[in-house]
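Written out below as structure tokens is the structure these notes cover.
As written, the chain order gives the labels A, B, C and D, with residue 1 at the start of each chain.
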């Protein structure tokens, strides 16, 4: 698709001049369709497509409808306030994002969380990864008109949202990770509930395959649609399951292990085909692998503190008492004025949709001087421009869904 | 993977690779050879029919039934005015600027909250050095007017349980189950 | 677990050493192009500083060395120094090299920030350059389609990413007027 | 109820035969099995669809209206809501076709009821021994008004949707007609009474299963059931031809699919499922009319339930895939069914005289 985009660019120059229902020199009548921002299949974005008959000849993603200026906002607030902020755009896999931000902050501060905290973070991140993938598959399903896949995705996601609720006390926006550790230890019944939920998910995945992935209609819609070749994926800097479905074996959890991933037993699926079907398949496989990670992490879970001793030392007697009795971490007053030393730090994590990069420039004040954050959807949005031309109009939702693109995450 | 000018690239990468070899954790997903379409159609139909006969239900019949949240669920909370020392840490750390310090009649600083802005992150609850917030699990509150969400000290010290909107509803507890996912059970003694 | 802990720190030491070696190798490759090449062991990145006029040259060399995509491209505004720093996080998908990142930095004149486009070398930077342009006003010469990306069409005013675009902040902690 | 009354009137006032037939015909068209029954069945089918799909999809389905009977009145509630909503007419639309086409589409999809008998005793108002052909011919006209809807709306999505509809009509009407004709070949008749009578041993779907499958798939397409819900694909083209419709007009255009489903399954249940068999019809209103017609309605409801259940299983095909499926497999199947019928007839396996 990328190779053919040059020819498309040439057509598009004509188009910009004639705009609407224009007649190009070739005598083709092209219709401009604006998919979004108020369209049942667009999300918070506008996709301008020019169609010739049923074939899309040019596609221009117009993003920014949910642009939250997170980078600018964070420059004006203390470090702790940015934690809930980075959760908001990628509402479906919040924990990997907070982990990335906190990792960069911890690198600046020169502290490292205790092992138990690392495991707890990993477990929550994987729970949200499963939830995020189920959401993505559900959205793909409804884009293809498969309402059962949509409802199943959201229904099964509920289990993992509830598990996260039991761990952190909130359903989606956990703000569970704090510098130096996590905010609360897992409750007694948690491992048992997790095991039951995971077994349920494994049973359900078989039905998922039967009704969704192996369904001939779905197969026809996804096979050889939106093919992304390996070298194109690398060139365009695609990330996450979309990259791995194109045959590139890259996962930050393996390439640059953070938290407890280095010690855990898991594999990362890679597919060669690079079409929408492969991307969906990779997501299903990743759910299976996340199940393995959570099981393994619960098995290997070390005991001990969940907050860095340097922070625990700052507790007043009441806080210490609460921490020891209920394993709930109270914030010492220093959290309201964290001043990491001058310097820069970069961290990256594998969020549900791919690699997220965090860069903090600190000037020694309680606010970051500059905070740069690129999200996986932000890096994948370029695919709309280069992959969609040449497909049929009905393929647009199929490709959109298979990319698991999430507009707020791209806009930040 | 093939890279342009591959040798140099490999050389550079090999320095890292020798120092700390990357674990081989990748496996190739074969796209399964799917059976004949007719068979798969029947399989899909049978799966649907299976759920038609033995349905699983994830949803709860809200608002007739309301979920009982764990005690650490981050719901609405109230100020214990006598405990509060007016240190204004909650105001400083509030990520959405929902808390503001005001003077009470004794000219002491006390926090008040704007429920319209609150995101229930509980940073204020956790940073309070004296535990001056009394927390509940109530979250589904509704207000008629925006002004009602802005509290003064008197309103902020009132217990939100008093006007819990889910009072008459059946309280349900979640039990995880291998086959059905969730099983909702009524909470006894309420 | 106890045995793994020292092993992990040992590995980290070895990695740090490798990173430094890699930095020296890179500085050999970039001799005369980069003004500074240094390793940041904490974040496992290599900072490469180049002059504005040599950005394209450095990018070509880095791309030929295996850094195949841009992870982030943005600016950092330093009004007191009168520069906007172009900061490009580049990475690789090839084995070994993907463990680290390189940050290509170049100081641009704040009054007229111009930089050559990197889209010919790394097509992945196309949308990121559009964002850097609308936020910091960095003009990427030769960019095929330098339009606004995130900001609304009718947005007017300063470059919102720069430090002199101030957003109102509230002073927390002081006693204020009650809402009612 | 109506019949004895009419008989009584006839006795007392001495109505002649024409008036009697007019009154019965109007009752047939407006009350049973015409408009009123159609609305009731369509509303119940809407509810049944949502309920069935909800069961598969881990949830309750409609429950809020008439909770005691599982929300069965939801369809009627929707109908009432639609009728009281504002109808917005886009300024740039072609007003007369825009307003008329939903009604005309419904008219033409209901008109075949006038030719279709649902019991052995009371004849339909327009009785003809070529009824099968006439019915197919009339109901094929309905989609044309869907195309007009899309064109009159002056909306790009509506336009794309109506073009899709037009392409799909062509590729699925032909298999439908061929497979129905192949049944007529077996029965040696186009008269519904004879068609039903000749299934007294074996229903048509066993006599010629190919024709049944082909015509069922074609009916799924024509009534835009999944996996052929292509012309109004929500995530692609909003609501296809119905994008600009609102209020009652939207209710009509959405109900159109269910009305067509009713009529088509009525035809299918007569042609393939043996109509009112095993009841032979008897004396009086109850045995002669009501009981046989209830058998027909049960049969057509079962067919409709299968059709709506598919929503829980399938997504939608892409336009070109659906057309390919239509022109290769469904058309192929219908030709096979025609050959099968000819073989049965000329091989002497079926003989009616």
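As a working rule, a residue touches a chain if its C-beta (ideal position, glycine included) is under 8 Å from a C-beta of that chain, and two chains touch if they have at least 3 such contacts.
Note that this is a predicted model, so its numbers are computed, not measured.
K.L.:
Report which interface contains more C-beta contacts, comparing B-C against B-D.
P.N.:
Here the pair linked by more C-beta pairs in contact is B-C.
K.L.:
How big is the gap, in whole Å, between where the Cα atoms of chain B centre and where those of chain C centre?
P.N.:
Taking the average C-alpha coordinate of chain B and of chain C, the gap between them is 34 Å.
K.L.:
Rounded to a whole Å, what is the gap between the Cα centroids of chain B and chain D?
P.N.:
Inter-chain centre distance comes to 48 Å.
K.L.:
Just give me the whole-number Å value for how far the CA centre of chain A lies from that of chain C.
P.N.:
Averaging C-alpha atoms per chain gives centres 22 Å apart.
K.L.:
Could you please state the distance in Å, as a whole number, between where the Cα atoms of chain A are centred and where those of chain B are centred?
P.N.:
That gives a centre separation of 17 Å.
K.L.:
Give me the residues of chain B that touch two or more other chains.
P.N.:
Within chain B, the residues that touch at least two other chains are 1, 22, 44, 47-48, 51, 58-59, 92, 94, 181.
K.L.:
Name the residues of chain A that each touch 2 or more other chains.
P.N.:
Within chain A, the residues that touch at least two other chains are 77, 148, 155, 211, 215, 234, 248, 255, 262.
K.L.:
What are the residues of chain D that contact at least two other chains?
P.N.:
Residues 56-59, 312-314 of chain D touch two or more partner chains.
K.L.:
Going by the touch definition at the top, which pairs of chains touch each other?
P.N.:
A-B, A-C, A-D, B-C, B-D
K.L.:
Could you please specify the touching residues of chain C with respect to chain B in the complex?
P.N.:
Touch list, chain C to chain B: 11, 14-15, 17-19, 21-22, 25-26, 29, 63-66, 68, 92-100, 170, 172-180.
K.L.:
Touching residues of chain B toward chain D in the complex: what are they?
P.N.:
44-45, 47-48, 51-52, 55-59, 61, 181
K.L.:
Touching chain A in the complex: which residues of chain B?
P.N.:
1-2, 22-23, 25-29, 31-32, 34, 37, 40-41, 43-44, 46-48, 50-51, 58-59, 69-70, 72-74, 87, 89, 92-96, 119-123, 126-131, 174, 176-182
K.L.:
Using the touch rule from the top, collect the residues of chain A that touch chain D in their complex.
P.N.:
Going by the criterion above, the answer is residues 31, 33, 39-41, 54, 141-149, 151-152, 155, 211, 215, 217-218, 220-221, 392-398.
K.L.:
So in the complex, which bits of chain A are touching chain B?
P.N.:
77-78, 80-85, 148, 155-156, 158-159, 162, 165-166, 169-170, 173, 175, 183-184, 187, 192-193, 196-197, 199-200, 203-204, 207, 210-211, 214-216, 219, 230-231, 234, 248-249, 251, 254-255, 262, 266-273, 277-278, 281-282, 285, 316, 318-319, 322, 328-331, 333, 335-337
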